[in-house]
Amino acid sequence: MLEIDGLTVAYGKMTALRDVSMAIRADDMVALLGGNGAGKSTLLNTISGLVQPEKGEIRWQGQSLRGLGPDIICSLGIIQVPEGRKLFPAMTVEENLLMGAYLPAARKVRRQSLDWVYSHMPHLAQRRRQRAGSLSGGEQQMVAIGRALMARPRLLMLDEPSLGLSPRASAEVFAIVSNLNREGMTTIIVSQEVQETLSITSYAYVMENGGIALHGPSAALREDPEIKKSYLGL
Amino acid sequence: MGKKKSKHAFLLFFLIGVCLTAGLPASVLGAAKPIVIGGSLPLTGQYAETGQWIERGMRYWAEEVNAKGGLLGRPVEFKIYDDQSEVSKAVTFAEKAITVDKVDLLFGGYPGTAARAVMAVAEKHKYVYVSMGGHMKSFQQGYTYSFGAPPLMGEWWYEGFFQWLATLPANQRPKRAAVYTINNPVGLSLMDSINRWTKKLGIQVVINEKYNAPLADATPLIVKAKQLNCDLLFSNGFFPDGVTTIKAAKALNYNPKAIVQGIGSVIPAWVKELGRDGDYVFSGTSLYNKLNYPGNDKLNAYVKKKYGLDGYPLYFGFGYAWMQTLEQGVRGANSLNQTKIRDWLKTHKVHTIAGPMTFDKNGLPPPINFCTQIIDGKVELIWPKNIRTREPVYPKPAWK
Amino acid sequence: MDPVLVIQSLISGVMMGMVYALLGVGFSLTWGVMHVIHISHAVFGLLGAYFAYTLLTLYGVDPVVSAMVSTPLLFIVACAVYQVLIRPLTKAREMVVASMILTFGLAIILENLLVLVWKADPRLLTPSYASESWIIGPFYLQYPHLIGFALSLVGISSLYVFLKKTTTGMAVRAAWQNQEAARLYGVNLFRISMITFALAVSTAGAGGISLALLYSFEPHSHNLWLIYLFLVVIVGGVGNVIGTALAGLIIGVITGLSMAFLPYQWVNLITFGLLMVFLIFRPHGLFGEVG
Amino acid sequence: MKKVPLIMAVLTVAVLALFPLLRPEVYYLSFLFTLFMYVVLSSSWNVIGGYAGYLSFGHAAFFGIGAFATAKMATAFSLSPLLTILSSIPAGLLAALVALIVGYPCLRIRGPYFSVVTICFAFVVDLAVKNIEELGGAEGLWMTFMDLPEETSRAIMYEVMLLLMVVTLATVYLLGRSRFGRGLTAVRTDEEVAETMAIPTAKLKIQAFVVSAFFPGVAGGLFAYYLSYIHPDAVFSINISILIVLMAMFGGGGTWLGPIVGAVILTVVNEGLSTFAQAEIARIIYGALFIIVTIFMPDGIIAYFRRWATAQRKA
């Protein structure tokens, strides 16, 4: 569904991604692991079109994404939930959600999407008129995921969805994400919570210094003691 | 790469081009060796309007002189710098005209603050400087090369109005005055005659306030004057604040016996833009386009043809008259020697469109006491009585 | 103190303040949303004023009608200005600084084009009601003030409705609260910036017409207008539409009261001094930046 | 400073200092006087505006305070020419003192809000001077000029302003390379981070503001004497404040060379363009200069040519 081939990205003189290749199948749930500055967020931002690659190719269902802006990529159904949630703090919860359905195709069905999101996250419905900035961290993360769902994603990319959340909120987020995947949503999840992430994903890539250090089925990575020690800090 | 290079080339070209055109010495003198008259005017920025009218008046004078065979047998030519309405630029350009262009004659500038600073330059370089001056204070600095010919002398501006007022029977004169003055050299200089004459005529100054420009709102001014029953309103301001005040006076239906508007009502825009609301306003002047002195008819005809105006604007006349004075100084001295020109001007009578005048040791003519009133959309001279173009309208009719 | 004087001063002060708010609200938006400090904003206001002046003197068109016509025209002009001049600035490291320098240059150019087209002479917008009043008891409501006030109310509230109720308006607000997130959900920042800029400039045109009903104007008047609208925007909080309107009212009240109670000589000094003190204590405006 | 640039700087100053010996026309001395003055103004502005990133739009206030202080001292005590020139130093100190008092509350405010506070400040000072009769009020002040031939007196003013410029530039240069300068850069980059790194930001900002007010104050004093008649409109004009900022930013704020380049280019171009017959066209060209430079060099001329030079070296 999504193929990445020899992707290299540089910020000025600093190379952020070097020769990254990966493939993600439909309905898959893939983990992207690695320490700070390994290049995970850059990879997602490049897929989203916020960053333009120097070399390499991203193909979405066989179509190259080269040179496309974030609005086009968004309209193709590749949706990111950015790190740190990046909500619109002064807007209400509902306005935030509606912003997810900004592009015309999603806008047409936004009422249904809204009902669907509220049915998945019922306590957002109660807070629909509240300013997003006034919510708790867990609730904000829910809004961020809800906003992404409003865009009717075909590939959902979550960047550190559990960062800064209480264990309970974090578990809730993971539950929602794996639930969505079970309903057939292709998902990439970037996380520092290695154990949990590996337990809900089927395949994992580990990044280091802008490159892919290793990859394999999540279950296998979880078992390998060598890998656990050197890459996953377990 | 090629695209980048062409961008660089373009940039470099542009910068060099600007620098070259900027630094180009424009002193491409003709064979006839004209007399060059140099200086600066505010052609852009805050005082652009006035500066441009002065320039037009000066250029008309040059046209006329050159048609008559020039000055001392040589054609005249201007070198006018744009000081962008900045005092310090007016000073450096005066110095540039004097020391670099080595102009034969210096011309005067505007506004008063610039004239005040340039008068010092002219004095130091011993160049005759004929301009509006910067009111009485600047002529009391001991400068010997500066002439107000005619000056724009705030201290005299209302002289004619008061002289006329004094001729009215005492019971018809206004009793209570409201005086609103813009806080700058022009406004302050107007206070001199107001203080002197109100005392003399027994007019009580009920309100006497200064304001700093910009005047955000004139409503309170008018309400106050109305409540305190002031039957004489002095609006001693420029055009913007003058207009705001008059409009508020009409909107609030304030009807004093007379409104005197100092400096704003002397420019053509007053009559043109305010229309009938600008009527019956009194003001002073030091030259007037219907004066029975030679030249005024010609100027009026020219302005009518070229700009479609009835009667030349004050500053057009000033530009022309200052040049007339300078011209006669040169002819009288029969030389371009500045000291000779100065000495001739100090000892002889010159004839300008503002009338004949002689200058005292400060470079000033005897006080001028014209008073104007706008009647039926025209600026009419109502004082001195013997040359009045129309009977004054007094008391001012109520607003319609 | 005489109550008639105080109330009358307050009335006209408040109306005057609102008119500045209409001129300022767009300035506030471009600043808040795009990080562009648009120095030539008030020149576009002047452009509106000259447009209305020309229509009035040549064809007797009422300034209110001119305001309706100038708004779409300026919108189109502003789109072009955005594409040619403002959009390239996104490369700059410091957008605020670069935009200030560029639009300063633009202001000089436009000011002098105004001189070339309309001459430097001061102008007045004088429709038939230019110095008429609606008299209520001892109070006079001057029609030009009233109409300027009404125009401002309509202009500011339609801008508010646009921002709150339309999808594009929501995108504008989103873009300025979090650019990256807005882009991720398909907001084309260039398009949103262009719309914001164009809306700002077209409201400036209407604001200029309202101001011209109150004051005379000439090509350099924009310098003065700019200072006042700067103050309104800062007191209201950058990007805050309702805040800008309220700030207009507050500045009007300050001016009105100080004119009623103080010697006029001190009015401007007190106004600016109060604003300075105010800013020191409420550095982000009365109503905060976002709203 | 490396050796070669240092030698070049010394040579430039020497040539400039000897220039009056060629007996140039007075205008050139006056023109360079104003040019040096703007270099002083924009370079000292750069300490607070460029290095620290606090865009003050009220710097004309300090310039004007210096001008009026000198003019008042000179007229009140009938100072001799030498003392008048020297009196610009206490005038500068007065400007610095005002900066200290005003800076304390104002520098807590960040970003554009700071800019607007400084605009208000400049207006307040301007209006206050206009309302104070002792300072000449709205009439302005006349000073008696030195009783010397014009060439000599202008040459003296030229040399004094040159000296002030050299002192200012040297001070700004050394400050920029000191811990103080690095601290200011940290403030500009991210003030909160700077605070967490135990940089005394509040103190640094005040010091920078005081320094950036002192030199304009001195320059104002000299300017008053140069003009010999000063009016609040001539020294407190917001146009001067804006021009100072533009010069620094145009060349490249935060760099030592930027304000110098900006001041020189803008002063020369503006002065030269004013000789055009059609004044409006000249102004339009001047405006276009800002637009074209910003579009092609959005970070200022210095940054642009630095990048260009690095690219050339690479290629």
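Order as written gives the chain letters A, B, C and D; numbering starts at 1 within each chain.
Simple rule for what comes next: contacts are C-beta pairs under 8 Å (C-beta built on N, C-alpha and C of every residue); 3 or more make two chains touch, one makes a residue touch a chain.
What you see is a predicted model, and the numbers here were worked out from it, not measured in a lab.
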- In the contact graph of chains, the distance from subunit B to subunit C in steps is 1
- Joint neighbours (subunit A and subunit B) are C
- Task: Give the identifier of the chain nearest to the protein's overall CA centre, each chain being represented by its own CA mean.
- Result: C
- Taking each chain's mean CA coordinate, subunit B and subunit D are separated, in whole Å, by 34
- Let me have the rounded angstrom distance from the C-alpha centre of subunit A over to the C-alpha centre of subunit D, please. 52
- Query: Where the centres are mean C-alpha positions, what is the separation of subunit A from subunit C, in Å?
  - Reply: 42
- Taking each residue of subunit C in turn, which ones touch at least two of the other chains? 112, 115, 265, 268-269
- Query: Of all the residues in subunit A, which ones touch at least 2 other chains?
  - Reply: none
- So subunit B residues touching two or more other chains come to 44, 48, 183, 210, 212
- Task: Let me know each pair of chains that touch one another.
- Result: A-C, B-C, B-D, C-D
- Interface with subunit B, subunit D side, in the complex: residues 25-28, 30-31, 34, 127, 130-131, 137-140, 142, 145, 150, 223, 227-229, 231, 233-234, 237, 239, 268-269, 271-277, 279-280, 282-283, 285, 289, 292, 296, 308
- Would you pull the subunit D residues touching subunit C in the complex into a rising list? 55, 105-106, 108-110, 112-113, 116-117, 119-121, 123-124, 127-128, 131, 238, 242, 245-246, 249-250, 253, 280-281, 283-284, 286-291, 293-295, 298-299, 303
- Message: List the residues on subunit B that touch subunit C in their complex, please.
- Response: 44-46, 48-49, 52, 180, 183, 209-212, 214, 216-217, 219-221, 223-224, 227, 239-240, 243-244, 247-248, 250-253, 267-269, 272-275, 277, 399
- Item | Complex contact set, residues of subunit C against subunit A | 167, 170-171, 173-174, 177-178, 180-188, 290-291
- Task: Please give the residue numbers of subunit A that touch subunit C in the complex, ascending.
- Result: 48, 50, 69-71, 74-75, 79-80, 82, 86-91, 95, 98-100, 102-103, 107, 147, 151
